[in-house]
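The same subunit A turns up in both complexes below, where it pairs with subunit B and then with subunit C.
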Partner chain A sequence: MSRRAAFWLVLAVVVAVIWTFLPMYWTVKYAFMTKTEIARFPPMLYPHAPNLASFFNIFGFDYTADNGTVYKASGQARQIILGIRNSVLVAVIVTAVTTLVVVPLAYVFARLEFPFKGKLLAAILLSVSLPPVSTLIPFYTLYVQLGLTGTLIGLIIVTLTITIPIVAWMLIGFFRNLPPVELLARVDGFSRFYVLTRIIVPMARSGILVAAVIAFLFSWNEYVYAQILVTGSNAVTLPAAMSGFLFQVPEPSQLAASLLLSLLPPFVIAFFLQKHIAEMHLA
Partner chain B sequence: MAHPDNSAPAPHRRTEVSNLSFALIISIPVLVFLLIVVAYPLAYAFYLSFNEIRFFGGYSADWVGLTNYANVLYDPSFWSSLGRTLRFTVETVILTLAIGLGLALILKHLPPGWRWLRALIILPWAVSPYGAGIFFAYLGRGQTGIGTSVAAALGSDQTFNLISANFVMEYLALGAAWNMAPLVAFFLLANMLTTPPRLYDLAKIDQMSHFETFWHVTLPPLRFTIFVFSCITTVLAMKTFDYIFTETQGGPGSASAVLTYTLYKISFVNLDLGYGAAMSFFLLAVILGSTGILYFIWGRKEERQ
Partner chain C sequence: MARIELRNIVRTFGGQHAVQNLDMTIEDGELLVLLGPSGCGKSTTMNMIAGLDSPTSGQILFDGVDVTQRSPHERNIAMVFQSSLLYPHLSARDNIYMSLKRSGLSKQQIEARIAHAAETVDVTRLLDKRPSQLSGGERQRVATAKAIVREPAGFLLDEPLSALDAALRLSLRAELVNLQKRIRTTMIFVTHDQIEAMTMGDRIGVMRQGRLEQIGTPTDIYNRPETLFVAGFVGTPPMNFLKGSLEQTDGKLWLVNPSIRMEIKGEFASAKPMKNVVLGIRPHLMRLSEAGSSALPLTVYAIEQLGNEAIVICDGPAGEKIRVVTQAGFTAPIGARLDANFDSAAARLYDPATERVVATDGAN
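Up next, the complex of A and B:
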């Protein structure tokens, strides 16, 4: 690489890294600052005396700073702790169910010809296009009647309605691009289920992994339904619990601390996933 | 070729199922579930849209026929919200694809020792829309934001608010692109890596400029992926609610009240459920219509190639 090319590449990389991290940094720094520091004008560019008070507070512990100031435990602590537990539960169950259900579905739609296929595909596409704001009221009314508001099972069902169509849509494209080995296997006399479970699934590993991760992220990051269906209940999820720091009594530091925690699982996953995304090709 | 290994049980003839019945066995449970979860809310919203729902003085639903639909068309806030949704969507799609393409080009040219940067560039994609909304709210607001910090560094004592009534939609689109572009970049990168390096050597022999090489060699294999992501980003941008809810709450004033936000206010703040339902069908029509148009003027051309 020529000197000049290297210069431009380094410059581009620096810009890309700043673009990636600056918006996150700007809020995340609040997690280590006090209320007075955050209110300072002009805004502080970095925490001058970083402290972990907010991380203690959101889990229900008081925090005494070196200078004797006591930062009181947050009244939302119970919701945050419940929220973490519930978010993990919902995301794991939704991911498992979505993957189990969508892999065979996507395979069937990508590889077999059967009547009504076009119409069924259109139905899947339609459900991808439905905005949550317009399905919220019907779900809410139904859930009130069935007693499903404020329950984990209710939230899981509603989250599946988001993940299944979108993941199916992505995987159908992925399966279409796999080489048509199952015809050979079928000529060899293997059954359809054998072909699917022993040949297609191992071949499509990276696509399925990406699909599972997308299901996990959609579930972990879901906020609209959770806000209406489970806020304030024992089935609250982390995003819904966190929004207490945003709207009722704004607590930027505790909001930043819980937001930072909520980002860790997706970050770890995305970090390891990017190799597999590189193997995904759209049909 | 992936072939079952020798230790696999010997294949034996079974009563084989046809394509249709195999497809049905596998997909019926899922399709029934989807049918319920898609058809039920649609049917219920459809029912609501023909009624005037009142909560004050006891719940009542009065059949009003097409009145709600007609009212939407005469409602100036519907048209202004629709305008904001379209503006946000067009800007988000263009920014997402442009930034995604830029990031992909950078990632492609990274020397082997720097590949770990790929794992960092993907991270914004893992941020939830409501999280991205919070990030860009603090980043843009006059009191806390970067505009004021930069101004202060240059010796000013004014606040500079990036979330202004005139450009709030552009600022929102920038944040939405920040959130979505890394995924686009990774799919484009996957496509780029399948372009044979030989083509770049040929381009050099032909003495193509950097831009010509990009235009004639790099871009053509990416066109289908770019089309697919235009569709995905269009649908996501039009559906966006939580991102705008946490970032601007439709403000300043109602400068960022997109259609989903206006719908939320009608249904959940004013509790005008019938009217909200009618308006939500206009939104659905706009979403389906835009992807349909994208497909007919662009997608069919890509598929033929």
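Up next, the complex of A and C:
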């Protein structure tokens, strides 16, 4: 590569990195600043006197700064704490159910022939392509009638309608690319069930792991349904609870602090699964 | 080890005949090669022998016992698949072990069998490696060990060498034949490569469009092809074909076409006259001579030097390509006129309508 080309390449990478990280940096910055600091113009490029007030406030604790100023606990604290608990609960259950349903489903679609396979596959793709908003109102009216609004089980069911098709679509592709070991297994005398559970699943370990992570992230980040179905109830999830900082009493610093918290699990997962995600790409 | 019999096997896929009325017997301890172009039904046939596919009608017998409805495992066959398929997530040892997992043998017996199989094909030092850590040839050997460890009734191989490079194929070919003779197992080998078939098989079954065209020893298949297809498919360079008619004059039989008139000698001398006939003659059995000296006029099209011999590719009088094998270093300008002659007793005659060899009064 010539020096000129290298220069433009580096420049492009720098622009892309800034483009991606600037909003995140702004959020991180807000989390350690006070309301008045945030309101200042021109904006401070970094927190001059970083403080942890917002992190205490969102969990319901007052925070006394070095200069004696007291930052009061947030009225949203209960929602945030509930939100964290519920988000973890919903995400774990959704991930488990999705994986249990999708592994056999994807295996059947990827490796076996049966009538109407093409049409059923198209139906899965169709439900992937539907924007969640389009099913929001039907779900809402149905849930009101069934009494499922404001319940965790209601939210889990809705979230599964998003995760199952998407993850199935991913895994079908992954399973298709596995070598035809069923032939070996038949010669070796193993049953279909043994093939799936003891041969295909271990072979597809990284693909299944990535699929589970995708399900987890979809559930963890799900906002649209949560906002309509569970906001303000005991079944509130973290994204819905956080939106209170935006819409009820604007608290940019506390919003930023809770956003950072909500970023932690995906960040940790992505960090530990890098190897598997790369492997999935190769396959 | 077993004697494998196919009786009137038919296999259709959605109305299409993949295999039609196939009768074939593979003797105990024999290495039979199924040869044919892709789509000829050879893999379908092998899958039915294995029990991976069931015939639409017909019977498969192992040592006289009908196994048509039995699973591959119950038939006790072993199979090496294309590209030497192995379980990618298991070590070589575990791959071999999977063949015996359902066998009911004791742990010690299994270990002894694995050790013996690994030693037989020389993969002992590779046992702890995964397939992805093995070379193509090593994978092939591990797949072979996985097959022989079962001590199978039949050992089936579906184009196991097709993904390997030429040099490796050459050595693995010999290795497999050597192994088959040592352990005296019944082996069926599927390939589309006629050289592989010729070099490996005790007998070769040539298939085309779901039918068995001819079955016989490599020498038989090469010297006495029964059909036009076998004549053209087996042999490098392929057999030459001359069209013409058979005429009888003076009690002799003549092949006649606009450029030649040649007396037919040998076994076909007793054939009946016919309007359309195809004469087949191997390129090795033809001799080149100066133009005008004999009956078959040729024009040089290209010359391939192989080091030990040369192949002269010529345009024949009817525009067909005629290949003649001659001594190494033979040169002639492109477009030069040459003549070719051959002993008609060494030629074969085919009926283009039936594509079969012409009937004679002789013992054949």
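Following the convention adopted for this analysis, the second predicted complex is superposed on the first by the 260 of 283 C-alpha atoms of A that agree within 3 Å, B and C clash if a C-alpha of one lies under 4 Å from a C-alpha of the other, contacts with A are read in each partner's own complex, and residues count from 1 in each chain.
What we mean here is this: a contact is a pair of C-beta atoms (placed from the backbone, for glycine too) under 8 Å apart; a residue touches a chain by one contact, two chains touch by 3 or more.
The structure displayed is predicted, hence computed values, not measured ones.
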item	value
Partner chain in contact with A:P131 - subunit B first, subunit C second, else both or neither	first
Subunit B versus subunit C as contact partner of A:V187, first or second or both or neither	second
Greater residue coverage of subunit A in the superposed arrangement, subunit B or subunit C	B
Partner chain in contact with A:E113 - subunit B first, subunit C second, else both or neither	first
First (subunit B), second (subunit C), both or neither touched by A:F56	neither
Which of subunit B and subunit C A:P202 touches, first, second, both or neither	both
Doubly contacted residues of subunit A, that is, touched by subunit B and again by subunit C	179, 181, 184, 188-190, 199, 202-203
Touching residues (chain side subunit A, partner subunit B) in the complex	1, 9, 12-13, 16-17, 19-24, 26-27, 30, 38, 41-43, 45, 101-102, 104-105, 107-109, 112-115, 117, 120, 123-124, 126-139, 141-142, 157-158, 160-161, 164-165, 173, 179, 181, 184-185, 188-192, 194, 198-199, 202-203, 217, 220-221, 223-224, 227-228, 239, 243, 246, 252, 255, 259, 262-263, 266-267, 269-274, 277-282
Complex contacts: residues of subunit B adjacent to subunit A	1-4, 8, 11-14, 16-17, 19-20, 22-24, 26-27, 29-31, 33-35, 37-38, 40-42, 44-45, 48, 99, 102-103, 106, 109-111, 114, 117-132, 134-136, 138-139, 143-146, 148-149, 151-152, 157, 175, 178, 182-183, 186-187, 189-191, 193-194, 224-225, 228, 235, 238-239, 241-242, 246, 260, 263-264, 267-268, 273, 276-277, 280-281, 283-284, 287-288, 291
Of subunit C, residues touching subunit A in the complex	50-52, 71-74, 77-79, 81, 85-89, 98-99, 101-102
Subunit A to subunit C touching residues, read off their complex	179-181, 183-184, 186-190, 199, 202-203, 205
